[in-house]
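What follows is subunit A paired twice: with subunit B in the first complex and subunit C in the second.
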Partner chain A sequence: MIEQNLKELEERSIFILREARSKFKNIAALWSMGKDSTTMLALARKAFLGKVPFPVIHIDNGIDFPETYKFRDELTRKWKLNLIVAKSEIKPEISGFSCCGANKTEALKKVMKQYKFDALIVSIRRDEHGVRAKERVFSPRDKNFKWNYKDQPAELWDDYSSKIENEGHVRIHPLLDWNEIDIWNYIKKEHIPVNPLYFSRNGFRYRSLGCTHCTVPLKSNAKNVDDIIKELKTTTVEERSGREQDKEKEYVMQKLRALGYM
Partner chain B sequence: MLVENVTMLGHKDHGKSTLIGSILMLTNSVSNTRIEEAKKYSEKLGKPFEPAFILDSLEEEREGGLTIDSTRAEAKYKDLAFEFIDVPGHEELIKNMMSGASFAETAILLVSAKPGEGIRKQTKRHVFVAKMLGIENLIVAVNKMDTVNYDENIYNKIAESIGRFLSNIKFGGEVRYVPISAYKGENIIRRPANMKWYKGMPLLEELYRLIKGADKKDENRFNKLRAVVQGFIDNDNKKLISAKVLSGKIEKGKIMLFPGNIERNAKKIILKGKAVAKAGEGSSVAIEIDKEIENPRGLVIAKKGEEPIVANKLNALIFTTAKLTPSSKITIKILGNEVKCNKLNIIKQIDATTGALSKKGLIEPLHAGILELELESDIAFERYSVLKSMGRFSFYIENKFGGIGIVE
Partner chain C sequence: MKNDEIIKIADMLQKEPNETNWEKFAKALKKSGIKYYRIVYVSLKNAEDLTRSYAELFDAKGKLVTKVPIFKRGKGKKVEGATIYLKGLLNINKW
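Right, the complex of A and B next:
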């Protein structure tokens, strides 16, 4: 896994976050309490002089891990976050694609409408998935949250388009250029708090965090941030292989994203 | 590790995605899961294994055998990491090609040697546009050598012809030529047994040397302070503005903002949350100023006596995706500003595939040209040849993306 220059990545992300802040009136960020969106909040604190100046949304289906809720509440207090919990209903009969597609996306739609957000910061990275690699830094969604991946706006140099088409919103992707190992190197350098589920217990750890129903831990003895960095330098296992929705069937991610999923 | 962005260029089906797929496999830069997935899918479509599927991950891309939008993939080579940017080769997708290629300084141009393929209009157009986007180093990869029995003559003909085109359009940068088979992975990291006549290095080594050589001569750069203001840091405190340093260094003390000749005192420079004495090129800073500025977005910060150009008229070389006439309603996007153009004077059209000039008073789609623009208001800028980041813009025709321009 290629380790990039953290200073450059940090500069670019700060630029993007500030660009979003000055171009949109009412922005929010998604926070899953995972390593990426928590890193994004740490970057926002740097960009905006110690505070996160926008609300953070947790799409809560009620079946996240207990550790995740605890982590959320502790960091919310510590960083004085403006947390919005958007409850999504979980139906036992649906799982995987339909669960993420229907429940989570529906809850997100509701909260976006309620607060009239015009931009949403989402901490996806190109190296996570072939379809996410096709994303723009500023990526418009129409009012039905549809991603028109066949006709994305031009994005030249560091000039991001901010046109809102069809009364939708714009997704902001400040971490698009980061690799998984860059995130961990940055967590180490900046002492960013992380959800304990990432660390090995009884020979297993979560490498990518979803909810309790669709995430499985992977074999690992990495007990701290240093161990994780060491592990990532040699691993050949895909980051999201513990996520059910990614391997369920072909183009699942494409379909989920086209429908407005994160 | 230093990451060097390298964009692919070339006509559709000349092997851009296939080449990246092959490189990823040959340098062990892609997981087995992803290779297996691409293999399985190739079988499902009844095709032999297609390395391009490692990159092309949209359903429409695989079914249709084309790249719709640009994507990226990284590969390690020696002490460098190449970030390959794949772009679509289709004419109608040139907007996506530009979006991808604008991040790179180095490009690999794919030209198929296969009978009936060869140098096409889009091959040349991509080079022309890439040069405008800032590409300085170019590898011309003559691909599909396996389909012509590794014939030296065919390779030479293509290389000479591209060479003539590059000199016609005054490409100017460093250029290397390499014969390859992307599909078979030949002459990518190892010298090929079947092209003994080729005296150069394999593709990745040529690329590596090209980049290392370019680093060394990274010369007399522009070093006056230029920083562009993004906006306020916080809505409650309008004395704190954010800016990106494009060249030179920003320091505490007197600063000037353009257009408008606004003089301010920079009381504090904050970089990543910490107060600093100065900050250099590439930094995103917060600046505490002594007196509020209304609407600071897009203003250019400089030092007194080192003003940028401030004007409402400029001459530019442009490339357009749609037809341009003197009555076209265009808006240019430059340094975070969107400025309407009041008057458009078309000086000449340039055929991006030959360099030929014509004066018809209009510019056809997918052609270049020289324009004289009169803008609604003053902007601060530099000539592209002086400072790239302040001399380039994109333009919109009736709110639709039109193309790119560089200030002459």
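Right, the complex of A and C next:
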């Protein structure tokens, strides 16, 4: 796995976060309590003098891991976050694809409309999934949250388009250029708190976190951040191999994201 | 540490997973000797699948103490997830 220069990545992400804050009136960030979105919040604290100056949204379907809820509440208190919990209702016909689509995206649409957010910071990385690699740093969505991945604005020389069309919003992706190992190296360097589920217990750990029903742990003996970095240098297992939604059907992630999923 | 109270409340939850019983459970959990949990679920094909999923609760020695559902029944037939009430426990899921 290629390790990049953390200082350069940090500076670029801070630049993106500051650009987003200055270009949009009402901005929010999605926080899943995973390693990426927590790193993004740590970067925001660096960018804005120790404070996260925008609300953070947790899309809660009620079946997240208990450790995730504990971590959320502790860090909200410690970092004085303005947390918005958007409850997603469990509806009939909720298997895999439609679970994330119908439940989580619907909850997100509701909260975006309620608070009239015009931009949303999402902590996705290009190396996570093929379809996420197609993303732009500032990525427009229409009023129905649809993403037209075949027609996206060019981003030359760090010039990002903040144009909002048809009452839509813009997704901001400050971590797009980071790799999984960069995230862990940065967590180590900055002592960023992480969800304890990432660390091995009884020979298993979660490498990517979702809800209790769609995420499975992988075999691992990595009990701390150093062990995880060491493991990532030699692993041949994909990061999201423990996520059921990615295995369901071909192009399922592309379909989900085109419909507004994170 | 005695687990009689939490077992009694877990039985109540299996019959009636309403908010009042979940609140009682959360209070009793802090005083109990339960340390670990494991989620046992059936695939989420429809909302009723969630009502058949449950969490097994274990003590510090890894002994199974009791089982609880992982959903909350709201007004009418509204079904909500309830894993937040297991806050403080540690995951020992294995697949």
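Details
Note that the second predicted complex is superposed on the first by the 259 of 262 C-alpha atoms of A that agree within 3 Å, B and C clash if a C-alpha of one lies under 4 Å from a C-alpha of the other, contacts with A are read in each partner's own complex, and residues count from 1 in each chain.
We adopt the following convention: a residue touches a chain if its C-beta (ideal position, glycine included) is under 8 Å from a C-beta of that chain, and two chains touch if they have at least 3 such contacts.
These numbers were taken from a predicted model, which means no experiment stands behind them.
In the three-chain model built by superposing on subunit A, subunit B fits alongside subunit C with no clash.
Touch criterion met: A:89 reaches subunit C, while subunit B stays clear of it. By the document's definition of touching, neither partner reaches A:106: not subunit B, not subunit C. When the two complexes are overlaid on their common chain A, residue A:237 makes contact with subunit B while staying clear of subunit C. When the two structures are aligned on the shared chain, A:201 is found in touch with subunit C, with no touch to subunit B.
In the superposed pair of complexes, A:142 makes contact with neither subunit B nor subunit C.
Judged by the touch definition given at the top, the superposed model places A:217 against subunit C, while subunit B stays out of reach.
By the touch criterion stated above, A:69 is placed in contact with subunit C alone, subunit B being left untouched. Put subunit B and subunit C next to each other and count what each touches on subunit A; the higher total goes to B.
Once the two complexes are laid over each other on the shared chain, residue contacts for A:227 go to neither subunit B nor subunit C. In the superposed model, A:49 lies in contact with subunit B only, and not with subunit C. Fitting both structures onto chain A leaves subunit B and subunit C with a minimum C-alpha separation of 20 Å. No residue of subunit A lies at the contact with subunit B in one complex and also at the contact with subunit C in the other. By the touch criterion given at the top, residues 61-67, 69-70, 73, 87, 89-96, 99, 196-197, 201-204, 211-214, 216-217 of subunit A touch subunit C in their complex. The touching residues of subunit C, counted against subunit A in their complex, run 37, 39, 41, 43-47, 50, 53, 70-72, 78-84, 86-95. Against subunit A, in their complex, subunit B makes its touches with residues 1-3, 29, 31-34, 41, 54-55, 57-60, 68-74, 76, 81, 95-96, 98-99, 102-103, 133, 230-234, 240, 242, 244, 270, 272-273, 282-284, 286, 297, 333, 336, 389, 392, 394, 399, 401, 404. Subunit A meets subunit B in the complex at residues 2-5, 8, 10-11, 14-15, 18-19, 21-23, 45-50, 53, 126-127, 129-131, 133-134, 136, 149-150, 152-159, 163, 179, 236-238, 241, 250-251, 254.
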